[in-house]
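Each of the next two complexes has chain A plus one more chain, namely chain B in the first and chain C in the second.
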Partner chain A sequence: MMKRLITSREALLVGAIALLLALISSRFPAFIAPANLVNVFNDTSPLILLAIGQMIVILTKCIDLSVAANLALTGMVVSMINVAVPGLPILFILVIAVGLGTLLGMVNGILVWKLAIPPIVVTLGTMTIFRGMIFLISDGKWVNSHEMSPAFKAFPRTELLGLPVLSWIAITAVILFTVVMTRTTLGRAFYAAGGNPHAATYAGINVGKTQFWAFTISGALAGLAGYLWVSRFAVAYVDIAGGFELDVVAACVIGGVSIMGGIGTVVGALLGALFLGIIKNALPVVDISPFWQLAISGGAIIVAVALNAQANRKKGRIILKQAEQAT
Partner chain B sequence: MSATDRMIPDRLRSPLEQRLKSWETLLLAVAIAIFVANSFASPYFLNAWNLSDATFNFTEKAMIAFAMALLIISGEIDLSVASIIALASTAMGAAVQIGVGTPGLLLIGLSVGLLCGAFNGVLVTRFGLPSIVVTIGTMSLFRGISFIVLGDQSYKGYPASFSWFGQGYVWWVISFEFVLFAIIALLYGVLLHKTNFGRAVYAIGNNPTGALFSGIRVQRIKFILFLLTGLMSGIAAICLTARLGSTRPSIATGWELEVVTMVVLGGVSILGGSGTIVGVVIAAFVMGLVTFGLGLLNVPGIVMSIVIGALLIGVIALPRLWSMGRSR
Partner chain C sequence: MKRRTFTKLTAGLSLAASLFGTSALAQDNMRIALVVKALGIGFFEAAAEGAQEAADELGGVEVIYTGPTDTTAEGQIEVINALIAQNVDAIAVSANDTDALVPALKRAMQRGITVISWDSGVAEEGRQMHLNPSSNALIGNMIIKLAADHLPEGGDVAVLSATTTSTNQNIWIEEMTKVMGDYPGINVVSTVYGDDLADKSYREAQGLMQSFPDLDAIIAPTSVGIVAAAQAVADAGKIGEVNVTGLGLPSEMAGAIESGASQSFAIWNPIDLGYSATMIAHALASGAATAEPGAEISIGRVGTITLDDTNAAAMADPFVYDASNIEQFKSIF
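On to the complex of A and B.
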């Protein structure tokens, strides 16, 4: 029953995406040319990475609003390292990016786990702190394209089997985390901790620690995306990816991840991200001002959360309807 | 979040009550300390006009914070307040372009605020959606509409009589905004602490199911709280727009964070069920004094936001660290 509901949700999304593509291509056939679809996927890759991390966090009944600030801070740090030591191999840059992102995620995780501070408060706070730190370390200056080494900028663009490395990283992450979420103890613990924390505790799962790991993974992915972001756009400054955390939450909610925790899949997050990515890339093509994007994301979040609530309500018997709403 | 998951006692235990009392005393001490530190740090601080200017740092945010405090005590949250300001301000700006006068502008500002609050309220109470996601959605939606209307443009040309609501002084250095802030604080203090409605808000925050079975109309009260938060955002939009004299879609960006910080700093539990208006008033002064003092010392705005973020986490973390240390 559960399985069918989730699969139907994903089928619905695939249908919605197909419909969206059909609508756009009816007027602009060039949009669904394979080369362009590859571009759209590549453009959406950072969002996919962050949405996977966010999905895991939301599964455990938490939320991570600091991902975009984490991405920006990590991006700035690796850019500045690249300017200072241009010869540093990309592998080190990647390790530093993932390491710093992980560390920032762990800060969130520790505050949620050890001090039991509500995740929304923690991550609202760290969001502004991370942004402020970018200003402090960069003095408000930009790191521009000509200051970055060619190898630093080339890495995400390098093509392998017809796809840029950036896309391959997103694909790898989707596969890796699908396996982690469905085939490992930790993956199942994420579902258990969010689905029913009390039962999870009695089953021997440390809910706080599981939440800590969720924030750590989210941070690691944000750090990785931070390097990919600055090298792809070849610029780093205080406000990069400003407000991106909302897109990430939107992608998850659209992908059928329940904000109440315990429900969601990696594929759902992927589809949610793709849905937003296609809209974002299609707006300039169909000649709608990019200023519409914010409102469309907002509308999509509301519609999706209403759909999620409908789907979840069928799950069990409701004895007292109003009491259910009151909680 | 269901009631059972949050492990909140049905009523406030007396040690917690005492701690809340001491929280406000502590906060007051902090406010006084900051005041004294500021007057030593900058020779420009102790000046009636400068201090009057400093109140503008927090009056508009505090108006929203009072309504937000009630909402958070009832166990909900509204992250769309800053976007409501943007939308209300945009509506007023558009009205100015077609020649609407000051009374009309006030009416438009208030109604847009109320409508946005009602929209949030309906989604949360009628459809039973979690307020955090709903208001993250409307946060994008409301500001998104402002962006659609304005793009990279701005509205100007507000009438002089309208500007009074943001720039006017009632008597000497006492600004209209400050008087409004004081009146609203008083009204919310009475509403929360002296009426059945206020008691119901606490009851809902502590145990929504219990409140429902006690005959409290949980959904209706929550809806009213969303309306009030929208209304307060509308009032703040009027004051801010009148003060700035222009509207951009990016107006009041990030205010939702500062409003929530103010509420939490004021001792309101983010999990709902406890908090006072006095605490929020003192917290408003603390935040206003901190930002004003740092401003006098030429600290850039983004660095202030680090302080605000650290305050938000710190005020919740410190008491917990304290009690953890004592229990060992």
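On to the complex of A and C.
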């Protein structure tokens, strides 16, 4: 059973990624050079972080549209803190980023849990509120690279064993959440709450509370990604990561996470994010008219989702052998 | 009935005011009001500095630097009404709204006050002339010149624009293409679009460096793109090989100039803009020039402007910022 799942979904995606890389290398061979693939993985790391959080939220039959706004707000706050107190160690910056992100995620969680407002409405609202708050605290001004301290900008770029810290954070998150999702009570509760909420309730799982924790985790990861984002691009302003929430949801859906809840894995989210990341990084070098790029990104998403839907479709039981042969 | 008396009254008043205005001119300093979008903005403080410079050069001119505390049209209307009451000689305004200020400015013109707009214009009937910081043709030429100046032996350059549908950028790139003949040896190898998103612009810049290993310069006529491209060049370790240039703001580009990822870039100079606006206001108010299509007005050290059919004019080439002046301007805007 377990084996069949792996052969169907994740393996299919790995195959699709390999095919994609082969196609790209036929037009631009340097793309699959190891150094470039490391770059692509590094560039995709924020998307991987957010996709893991989003996957957990989607597992519980919810959706978090505020992740990109959360990322932008946290990024702006930590960069403003960095400008005000340049000497603050990066460890504190990380704690503040994760802490603030968690808090923002909890706001979503509380509204969904205690007030039972549909998650898409809640996060659509908080998305706008977070963006508005960035404008309020920054006055619409940018925080620029020369205002940020060198240590603040250097952290995600620092190389450890040949990989930048940014990539290591994504790898750590993948391992950590694979363990959480498969080996802890909370992890299994996410699947139960989304797979069959009624059964989960009878089994003693508080569905609302589980959803609250899903939003909290998603917020924490968005906050962490917020710091990494502003320090990597060395700029913070109101519109950073505009529209990124859609990429995150797309990465999850491509990765085989069922939008109906209950189905999905961390590895799936990782592969979905990588698939999108490769497309985003390849389009600039394969010399395709920019007018076609959006259409190609969109087409790839639809194809991947269609394949997934085929793979996920429950096979009906054949009742009439003759009728089945007739069609 | 009532209205007619009122009209008569205002007509009479404005006549009196203009008479008074001309007679006052003979004895007192000429008073030119520089009305900005809002007080406390670095860009406009710098423009006021330029206006003062023009006043000192002209002599006998008093500059009144004023504006609302927030960027609203209502605030500017109040300020303009107050200036009318003070009977200043000229108003030079950077408008918060194209149309909302027109009635107030019309009233000012009826009182014989010279009204011009600069930077951000008002509708034609609300001003005598408008001063644009630059023109599309000048900008198009400047962005390629910036790249060419650092490539005496020619080289490959690429353009990193905003979105495929950004009107301004498309016009500038078109104007740039027209003058490519003036820069022999410079090849534009590609035009890519970063959609004014930091992450996409960064990836596009990375892509350019991969696709064209011999790339010498990236021209980004957009403030998001130029910052992202500079960061991508720095991260790729190609500082000194690939020069990032285009249009950006000194405060946002200071880091890139410091690191050497960008040799120079351009944008309007607010000091020159305030200076020129004051010069024009003085020329019109003193009668040395008239605002009509085709008229040429001297703007001191910045040069001469020529009014077009809508009585608008372009000041000059965008101003070039590099290591020599970035320190001065990065705190301004």
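Following the convention adopted for this analysis, the second predicted complex is superposed on the first by the 283 of 327 C-alpha atoms of A that agree within 3 Å, B and C clash if a C-alpha of one lies under 4 Å from a C-alpha of the other, contacts with A are read in each partner's own complex, and residues count from 1 in each chain.
To be clear about the criterion, a contact is a pair of C-beta atoms (placed from the backbone, for glycine too) under 8 Å apart; a residue touches a chain by one contact, two chains touch by 3 or more.
Since the structure is predicted, the reported quantities are computational estimates derived from the model, not experimental observations.
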Next on the checklist: One more residue to check, A:Ile217. First (chain B), second (chain C), both or neither?
Outcome noted: neither
Checklist entry - Looking at the overlay, does A:Ala200 come into contact with chain B only (first), chain C only (second), both, or neither? => result neither
Checklist entry - Thinking of the overlay built on chain A, is A:Phe291 touched by chain B (first), by chain C (second), by both, or by neither? => result both
Checklist outcome for this item: Max touched-residue count on chain A (chain B vs chain C) belongs to chain B
Checklist entry - If you stack the two complexes on chain A, which partner ends up touching A:Arg157: first (chain B), second (chain C), both, or neither? => result second
Next on the checklist: Touch test for A:Ser145: chain B only (first), chain C only (second), both, or neither?
Outcome noted: second
Checklist entry - Given the touch rule stated above, what does A:Ala189 touch, chain B (first), chain C (second), both, or neither? => result neither
Next on the checklist: Which partner chains sit in contact with A:Asp43 here, chain B, chain C, both or neither? Use first/second/both/neither.
Outcome noted: second
Checklist entry - What is the contact status of A:Gly299 with respect to chain B (first) and chain C (second): first, second, both, or neither? => result first
Checklist entry - So, does A:Ala250 touch the first partner chain B, the second partner chain C, both, or neither? => result first
Checklist outcome for this item: The shared contact residues of chain A with chain B and chain C are 291
Item to check | chain A residues within the chain B interface of the complex | outcome: 61, 63, 111, 115-118, 120-122, 124-129, 131-133, 135-136, 140, 197-198, 238, 246, 249-250, 253, 259-260, 289, 291-299, 301-302, 305-306, 309, 313, 322-327
Item to check | Partner chain A, residues of chain C touching it in the complex | outcome: 164, 190, 192-193, 197-200, 202-204, 206-208, 210-211, 227-228, 231, 235, 251-256, 258, 330
Checklist entry - What part of chain A is in contact with chain C in the complex they form? => result 28, 30-31, 36, 39, 43, 142, 144-147, 157, 229, 233-235, 239-244, 280-281, 283-285, 287, 290-291
Checklist outcome for this item: In their shared complex, chain A is touched by residues of chain B numbered 1-5, 77, 123, 125, 127-130, 132-134, 136-145, 147-148, 151, 204, 208-209, 211-213, 218-219, 249, 254, 257, 260-261, 264, 270-271, 300, 302-303, 305-306, 308-310, 312-313, 316-317, 320-321
